[in-house]
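Here chain A shows up in two complexes: once beside chain B, once beside chain C.
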Partner chain A sequence: MARQARWWQWLGLLAALALLCALPFALSNYRTFQFTLALVYAIVLLGLNILTGYNGQISLGHGAFYAIGAYTAAILMDKFGVPYWATVPLAGAVCLVFGFLFGLPALRLHGHYLALATFALAVAMPQILKYKGIEEWTGGVQGIVILKPDPPAGVALNQDQWLYLLTLAVAVVMFVLAWNLIHSRVGRAWMALRDHPIAAEAMGINSALYKASAFGISALYTGVAGALGAIVVQFVAPDSFTGVLSINFLIGLVIGGLASISGAVWGALFIQFVPNIADHISKAAPWAIYGIFMIAFAYAMPTGVAGFLRLAWSRTARRTAGARAQA
Partner chain B sequence: MEALLHQVLSGLATGGIYASLALALVMIYRSTNHINFAQGEMAMFSTYLAWTLIDAGVSWWLVFLMTVGASFVAGMAIERLLIRPVEHAPLLTVVIVFIGLLVIFNSVAGWIYSYTIKSFPSPFPAEPVFGGLMSAHELGAIGVTLVVLLLLYLFFQFTPLGLAMRAVAQNPASSRLAGIRVGWMLALGWGLAAAIGAVAGMMVAPVIYLDPNMMSGVLLYAFAAALMGGIDSPGGAVAGGFIVGVVENVMGAFVIGTELKLTVALLVIIGVLLVRPSGLFGKVFVTRV
Partner chain C sequence: MANAYRALAAALAASLTLAPAAHAQKRYGPGASDTEIKFGQTMPYSGPASAYGTIGKAEAAYFRMINDQGGVNGRKLNLISLDDGYSPPRTVEQIRKLVEDEQVLFAFQTLGTPSNTAIQKYMNARKVPHLFVATGATKWGDPQHNPWTMGWQPTYQHESQIYAKYVLKNRPNAKIAVLYQNDDYGKDYLKGFKDGLGSQASKLIVAEASYEVTDPTVDSQIVALKASGAGVLFNITTPKFAAQAIRKVHDIGWRPLHFLNNVSSSVASVLQPAGLDKSVGLISVAYFKDPTDPAWKDDKAVQDYFAFMKKYYPEGNAADGLNAYGYAVAQTLVQALKQCGDDLTRENIMRQAASIKDLDVPMLLPGIRINTSPTDFYPIEQVQLMRFDGKTWVLFGDIVSR
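Up next is the complex of A and B:
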């Protein structure tokens, strides 16, 4: 029974992956671009989930790490001529260091206090990026324009399709890594610290190290996504990375489902496409419609889309098991 | 020296407004452990309501009373209709409902009243007081904040209803056993918070003008003030509000200029929180294993 369920899961996963690979060949370039961004957000939400979902530290500041990743990629390409694909891991590494360092003072703060501290980081980021002293690199208010990369020679894809598939490949790697990490010793330590910090410490888990490392890893994911986002959008500017971006990430996280790996995908689809749908419904007050969608999702699925699906799945599984037992 | 005094006094005036809104946040936090992110937009909407009434020719203080009353009722209605269904949902899901409310209020205000900036009259005379150190409006705003604080203090300390609300905040289960209607007390808390927010909105609007996004900055400062004072302490929220107002103004005028004002104010607050993680006047909780 359990083995059968596992089989179905693998089959479903493979089918979803095949569908994702086929998407850019069925859609227009603009739609492909939108889905590429959704994948980028999924990577961010996965990182945010590691911190907030699995380690219990609320962050309203991931827009800042996203900005650092995006700017790292843009500056490396623009000033140092680094090839675009190499900027992605470098941006991740830079964010890992920043995240770890920010995680150290954040250790003292909990709950709402941590949310405020991280939100301060997000609010401060555009102003820091506009700062005159670093304008030479960041381009100040104007930002930096990046050229859209061509697919490697001999690959018969257009630029949008190539970027989509590249992002998809990175996303798949990041998801597999996250899955392994969560189901390892480290992941269990994170969850133990979330559920009962004192008991976890008594068991010998180094709270400071693990919490700061959760911050670091989470920032790494966000940085990788930021770099990809910059390449996809071909432009970075301070005002793209306001506090609203961070709040949107939180919305995606909660609506997708906390402490769930697949939740990152649902959340990303929500923050990428629901504002568009809202805009179609009402041109006059699109944000009101977006707000109604948010509240409706919160009512209908309090544990997020992933939590809802898990519940529905276990219900049907129980029902079929019951039917089989009767027969 | 005089310039410094001037900045400190006007910091106290804006601080008073942060304090009122911070007080509204604390009201809801104490009874439900939620921080209402929509508090600022609710206050903004109340202020628009006041503007409509003033525009129709009603006198200022009458409008003030009507707006506060209407906001009180609306606050209670929001709690009963929208927040009650997610009472037992995870904390972050409730936060999402708050953010949803925030964008709805913001967007609907923009839709009804447009995004153009409107001026909002002050009930206080235009001439400055204290030999030009302060405008009468600034002094009046401080006075109104202090009156609101005093009224709240009297309400919570000396009325049976206030006592019931404090009991619910401290221990909902026992309060229910003692015959207090917990649900209505929570709704009352929301109503009071909305009314206090309306006061803050009407006091700040003559200074920063009326537009749907007027409260985003104010809410952030109020949030910071509430946390700095200790999120469960009304007195602390007011003190935090005044401190944040003065720090923001003095730093903005003399140290770093207005551009980085918000950033630096937030950094100062985080600095304080790193030293005292539960805020200046907050209760330090000791957890038992």
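Up next is the complex of A and C:
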């Protein structure tokens, strides 16, 4: 039975991947652009899941790492002429360092205090980005406009399709890495620290190193996503990265499903498309409609979309197994 | 032989009749059809610059009036106006939506210097007309690098150079303080002012203070500027902050020679909230008729404007200069579209916008005409100084050209 499930899982995964690859050829450029952003958010939520879902450290400040990644890419492209594809790993590296450095003092904080500290980072970010001292690099209030990259020579795609497929490729790589990490010794250490920190330490897990590295890896993911996001939107400005962005990431995380890799995808689809749907439903109070959607999702699926699907799957599996046993 | 000549004559005659027919062929870009012209804009209906939102509403009302009168060349004008909250990232998002999702023919009067800076490269890369932008920054008149972007109002640098010349002439030894918004709009005004003062700039300007558009107030900056001992103040602020600044200057007992940038000269949106008695003596420039000025009481253009506001935008404040501004720009657009005839491609729209000759928009001050050419993307280049007397703006001096 377990063998069969794995075979089905692989088939489903390949089918989903094929569908995702075909998407830009079936939809308009604008929709492709929206789905590319959804993929970017999926990478962010994956990073956030590593930190909050698997390691239990709440962060309300991932918008700040997203901003750092985005600005790194923008400054490298605008001021130093670095090709766009090279800025993505560089942004990830910069955020890895920042994340780790932030994770070290954060070791002293738990639960609500950690949430507050990370939120402080998120709220401070726009002001820091507007700071006159670094205005020469960041462009101040005006931000930085980036030129949209062209697909490499010989590839018969338009710019939006190329960016979508590039983002999809990066997302797949990040997801595979995350899956490996979670199912390895490191992932088990993280989960142990989340569930029973004292027992974990007693067993010899270096709590400080693993918790700080969780922050670092999580920030790396968010930085990579930020760089991709900047390239796709072609514009970075301090007001793109307010505290609301961090809250949105947390919303996506919870709605999608904590401690779940597939949850990142569901959460990303939620935070990208539900505000647009809410806008269509009501021009006067779109955020109220968005709130209603959030409440409905939280009420109907308390363990997130991923949790709900897992529950539904196991229920149908049990029912068919039961039926088969009876037959 | 005669037969050959006759055949040639017949062929020539036939080709002549065909030529005008080919000329009258309809050509449409995205958003244009036999029945409508669809175009878009972003306006700050919410956020720190929401006082300007009334401009979008006045323009929409004007196009409704034109549609009631039969439209332009038989086509209805369909304006899609979206809120960007004066936030450049939202402007980028909404413009992408307008161009790629709604497929508008062109963008009209997108408002805000930082907002337009964010979308300028995109509009020019996509070759979508970025017309009559609602900002006076000097960089919009650059057909060589940005052939699809065109402003409308007199440039900020031109305006502040006029203030500088006034100071040099009337208060040559004054100490000057400047308050400016820390973005491209504020810096454009500041540059023009310093250029106008020339070599005296560093000597005369004793204090500069800036603020962010997201700041709640500018009171502390005003106090700091007064402490510099300046006798002249150049106030480069958008309406919300202009009202705060004018009120604070008066309340702390400072009576400088106070220049107010034209974008915040609206009596209804700025001077009334600040306090009309506190605004006496303010100097600014004008290029269109202020509806509150009794000098225009019997002017036909102003009477038409009041009738239009009463019928089509009754919830708007007819005395608000911002509405008169929107009315005047909308009139300019209708003229440009009329010139396009049946060729409603993006290229032709840009071509017609860049070939307006001596257009007399009735709402503009007498003597001010709109002129554009392929090398001149500054439609209005003339202004006149005005002083506030406690009730209305009073024009003085002559019309000054760039």
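Here are some notes:
In this section, the second predicted complex is superposed on the first by the 327 of 327 C-alpha atoms of A that agree within 3 Å, B and C clash if a C-alpha of one lies under 4 Å from a C-alpha of the other, contacts with A are read in each partner's own complex, and residues count from 1 in each chain.
As a working rule, contacts are C-beta pairs under 8 Å (C-beta built on N, C-alpha and C of every residue); 3 or more make two chains touch, one makes a residue touch a chain.
Quantities reported herein were computed from a predicted structural model and do not represent experimental measurements.
Once chain A of one complex is fitted onto chain A of the other, the partner contacts of A:Trp287 are limited to chain B, with no touch recorded for chain C.
When the two structures are aligned on the shared chain, A:Ile58 is found in touch with chain B, with no touch to chain C.
Once the two complexes are overlaid on the shared chain, A:Ala237 sits against chain C while remaining clear of chain B. Annotation for chain A, partner touching more residues between chain B and chain C: B. Contact with chain B, but none with chain C, is seen for A:Tyr113 once the two complexes are overlaid on the shared chain.
Touch criterion met: A:Asn29 reaches chain C, while chain B stays clear of it. By the touch criterion defined above, A:Pro89 lies against neither chain B nor chain C after alignment on the C-alpha atoms of chain A. In the superposed pair of complexes, A:Pro149 makes contact with neither chain B nor chain C. Shared-chain residue A:Val141: touches chain C; no touch with chain B. When the two complexes are laid over each other on chain A, chain A has residues 130 in contact with both chain B and chain C. Those residues of chain A lying in contact with chain C across their complex are 28-30, 33, 126, 130, 132, 140-143, 145, 147-148, 233-235, 237, 239-240. The residues of chain C lying in touch with chain A in their complex are 87-89, 92, 96-97, 100-101, 114, 117-118, 120-122, 125, 182-184, 212-214.
Those residues of chain A lying in contact with chain B across their complex are 52, 58, 105, 108-110, 112-113, 116-117, 119-120, 123-124, 127-128, 130, 198-199, 202, 247, 250-251, 253-255, 258, 284-288, 290-295, 297-299, 302-304. Contact residues of chain B toward chain A in the complex are 35, 82, 85-86, 89-90, 92-97, 99-104, 106-108, 110-111, 220, 223-224, 227, 231, 259-260, 262-263, 266-267, 269-270, 273-274, 277-279, 287, 289.
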